[in-house]
Amino acid sequence: MRLTDGERAMLDGADGEAVAAAMDLLVRYGEVLGAERLVDTDNVCGANLFGSRHSLVCGSPTPDAAFSEHSLDAPRVLTIPPVRAQSYQLIGPMDTKHWQVQGLPQAEHDEIVASEKYSADHGIHLMNTCTPYQVGNVPVRGEHCAWMESSAVVYVNSVLGARTNVEGRESTGAAMLTGKIPYWGLHLEENRHGTHLVEVTTPVQSNRDWGLLGYWIGEQVQEEGIPVLDGITTTPDLVRLKHFGAAAASSGGVELYHVPGITAEARSVEEAFAGAAPRVRLRYGPDERRAAYERLNGTATDTSVDLVMIGCPHATLGQIRDVVRLLEGRRVHPDSELWVFTPRALRHIAEQNGYAQALEDAGAVLMSDTCPAIGQFLPKGTRVIATDSAKQVHYLPAIMNVQGWFGTLAECVDAAVTGTWQGVQP
Amino acid sequence: MRLTDGERAMLDGADGEAVAAAMDLLVRYGEVLGAERLVDTDNVCGANLFGSRHSLVCGSPTPDAAFSEHSLDAPRVLTIPPVRAQSYQLIGPMDTKHWQVQGLPQAEHDEIVASEKYSADHGIHLMNTCTPYQVGNVPVRGEHCAWMESSAVVYVNSVLGARTNVEGRESTGAAMLTGKIPYWGLHLEENRHGTHLVEVTTPVQSNRDWGLLGYWIGEQVQEEGIPVLDGITTTPDLVRLKHFGAAAASSGGVELYHVPGITAEARSVEEAFAGAAPRVRLRYGPDERRAAYERLNGTATDTSVDLVMIGCPHATLGQIRDVVRLLEGRRVHPDSELWVFTPRALRHIAEQNGYAQALEDAGAVLMSDTCPAIGQFLPKGTRVIATDSAKQVHYLPAIMNVQGWFGTLAECVDAAVTGTWQGVQP
Amino acid sequence: MSGPVVLTGRGLVGGIAEGEALVTREAVSGWGGVEPRRGRIIESRHELVGQSFAGKVLVFPGAKGSSGWSGMFHMSRLMGSAPAAMVFTTMNTKIALGVVVTHVPAVTDLDRDPFAVIRTGDWLRVDADRGQVIVTPRSR
Amino acid sequence: MSGPVVLTGRGLVGGIAEGEALVTREAVSGWGGVEPRRGRIIESRHELVGQSFAGKVLVFPGAKGSSGWSGMFHMSRLMGSAPAAMVFTTMNTKIALGVVVTHVPAVTDLDRDPFAVIRTGDWLRVDADRGQVIVTPRSR
């Protein structure tokens, strides 16, 4: 991999040992990829909040030691300088406000708070969400980024035309210190063309519709495809595309898709394929939708719902308001829980809008910074969850050994209020 | 103007008097425009925070009366129901945290707080910023919106490909209640093509470069043009485009522009003009840039700076971090002030990151919800301001009768620390 | 002295009003451009700076500036300083909403260039029902 | 019994390691797919569910799942349960970063389909300096 003079200097220690270690990681990584060079980036989203899971492995290390090991893969403990690039913390293990709801012990809380302070002191913006684009990090078309979090990667690549691969903790840690990332994969125009044509022959309009479509497409495309949707007749919004991409990125490894006329890089199906023929042609109609719905509901038999989870990916204020309005005059069932997840910056607004209080008054909780899948926590004794998120219902049963129902937001709120799932095949 | 059955029913009172009055306003408005019909919208940004300026006129009205008159232009006081559409409050008159810095009396504060609560109770999300796209309202290409705030309109139209005109308080108030807005102007594809070709023959890279370019273009294009930029060689980011659009929307009335390959709707100059020839050809080179710089600094002679204002449009966390880093080891001059403005949701994160404290420790203030131009406030005795915002330096001298300097962020922070403007022509 | 001239166009809002013309070829800013207590133009670079449109027929290209345009003229109406009528040539959302909330007769899309016909001080009868502007030139 | 087979490809990370092959034609998930204490595959639908790759040579298509893939294998290394080496066929950022932070020899871009040649239990010598995988089939 070619290095510029500036990059060589960083590697040789001109900006200190930590920057040198970061460059070393990027060089090793870039060479495995077969990248010809690095590219500048000033937009890095990573995950650097460490709790006991990480510290126990390294024997309660200092924060510098944790970052050196886990975020830089450095051979020894280094003093980490303030980060160079504009850097953002993605989702983490703990809700700094409702950590006790998670059942976390005080010591764990304190450890993660200290980890947060370390990140803050180093200039990593504490968005603490899987949806950085909902809290001010809205990349522009063509902007080279280095992000973790597959649902966020697929959103900014597809909808905004930004350029990022699915990075990991170590590569984003290194990018934060250097402002560099391997110029490979989706950073190159030629790798961004469609591969799979999906002819959509059934209406796709609601959040549920978009989640089902995304889930089915991910299963078809798996890790090696860029789907192109043909036949979408209504304009989706951020929430619909957020659910679509998250679903496709979790059932498969979709990192980029095109919806001609909607997403950033394709005005037409032909343009999405850059004039080439699709490698694969797929059709999504009522049968496929029915099958996706059944698979998403495939782990569930018991209609008695213990937890309803809304906000995967993290919810907008509009989604929160929808829940508040659906809950009006009602209360969460004594045997159920309703957890709504949103970025902390938006919870701040939700509190001022009275939404947080309204949820609380109804027996629900507005949570931030984490989610049940990432933090691996559920209310005690949970056996059955329900959600309007294809991604969450895909992960939670596998990770937490519970049953999962999938449906509309209204069906989810009804389940939280009645304690019983009554969702129906659309 | 044609109405659907549903719209006719709303007009006839099927959903109550306030919705009927809102439809009436939209019909009157649409007929003046010559719109053939209305279009659905679920994304409305308006301005409904009222202080003494409004209440004194109407003799201290109830909040329902204020909304009926100012936000609906209704003939009498109506009971306003919770808003139908997803609705957001734009920038307002008061920083709910630092209102005393503004010199506002307690009574004024209380009145605006009550107005906020009214909005919150009606389901209007209190973003309280001119940059809704930085706090979660990120419209998708083709999404029909109804927004006020020219800098926000030009951003989402151009960069994201959303569709909104520059709406007003009454039209957005009506849209909030009905979910409708006249299908006119930039809602129609055919009205979104370029008119003015701007050949850019000098490098445009920094925030200052983009602000100067935007200011010059706005002066050339005035109220009747859609500029297309040719010759941009580097990829801008959100901050650069934010400054560009705000400048063009304030020196002229630019509501939409195209930067082929970057903004949402044009891949090439030809596509931006939809194959037609440009109505006007302009060239922007070093002379034009120099002239724009001189005009922006045209009101200033006195280098003794009283206020440095950063964050017009409202700043990102990255911009805040930049200020913090420029201030390291330094303090704001005893005879100067440094005010940094950001959306309240981002100030919440900035506080957790220690940025707000760092600014305070250096003698600066992190403010939200308002700005000196909108709120018409400055530190007592201010005669000379400095800013990195072309829009703010365009407005403040005219509105507040002060001198204004324009330059880079570094020059601005230097001025705050030394008390003296030492900016130089780029 | 010439007799009344009739310009025909599209009437907006409705109604009839009369008053002295206040003519400018420069678009008018709302927020930051006028003050609603006396209906005066305050934009420092505007050719009409310092003049009041209260009770006059404002003849101008239309609205420029921020999205607060309609709100400013709405306030002007509430404070009793609104123009008697508006005659303008360039349609946009700001002027459209502005004439609606100012509740005054307005006419646009005229069959002749109003700036070539109307001078400040001329007496205008603006009939927004029929879409007419009847110009009685002031004696000169 | 057949003799050793040599597959040649691109060596990654560097070094030499030997161990029993653990072969799967299904890509492996990191986060949610393996647990790092014992290096076991825990993804319920995976054909290798319950099996440990600790000290083995993992022969697989590559990485799938979330962006936490490298972190999970990094942790596996720290906990002493990492594979001895990795042989994979599909490059992506997850597997690339994963092999880098696991610090084990790896080979890809082989001149033959490894799944046609290697069976679970075969003894593999992975030479990442020369880009070679030497396969000694287990007696059957």
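Note that the chains take the letters A, B, C and D in the order they are written out, and that residue 1 is the start of every chain.
Everything below uses one rule, namely that contacts are C-beta pairs under 8 Å (C-beta built on N, C-alpha and C of every residue); 3 or more make two chains touch, one makes a residue touch a chain.
Listed by chain with UniProt protein names: A, B = Predicted aconitase subunit 1; C, D = Predicted aconitase subunit 2.
Since we're looking at a predicted model, the values are computed, not measured.
In whole angstrom, what separates the CA-based centres of chain C (Predicted aconitase subunit 2) and chain D (Predicted aconitase subunit 2)?
78
From the C-alpha centre of chain A (Predicted aconitase subunit 1) to that of chain B (Predicted aconitase subunit 1), how far is it in Å?
29
Where the CA atoms of chain A (Predicted aconitase subunit 1) average out and where those of chain C (Predicted aconitase subunit 2) average out, how many Å apart are those spots?
54
For chain C (Predicted aconitase subunit 2), jot down the residues that touch at least 2 other chains.
none
Determine the shape of the graph in which chains are vertices and touching pairs are edges (line, ring, star, complete, other).
line
Let me know each pair of chains that touch one another.
Chain-chain contacts present: A-B, A-D, B-C.
Can you list the chain A (Predicted aconitase subunit 1) residues touching chain B (Predicted aconitase subunit 1) in their complex?
Of all residues in chain A (Predicted aconitase subunit 1), those touching chain B (Predicted aconitase subunit 1) are 42-43, 82, 86, 88, 116, 120-121, 123, 125-127, 133-136, 138-144, 159-160, 235-238, 241, 261-264, 267, 316-318, 321, 325, 343-346, 348-349, 352-354.
Where on chain D (Predicted aconitase subunit 2) does chain A (Predicted aconitase subunit 1) make contact in their complex?
10, 12-13, 27, 32, 43-44, 62, 64-71, 74-75, 78-79, 90-94, 96-101, 106
Quick one: in the complex, what on chain A (Predicted aconitase subunit 1) touches chain D (Predicted aconitase subunit 2)?
25, 28-29, 31-34, 47, 54, 57-58, 69-70, 73, 148-150, 153, 165-171, 184-185, 222-224, 250, 253, 373, 395, 398-399
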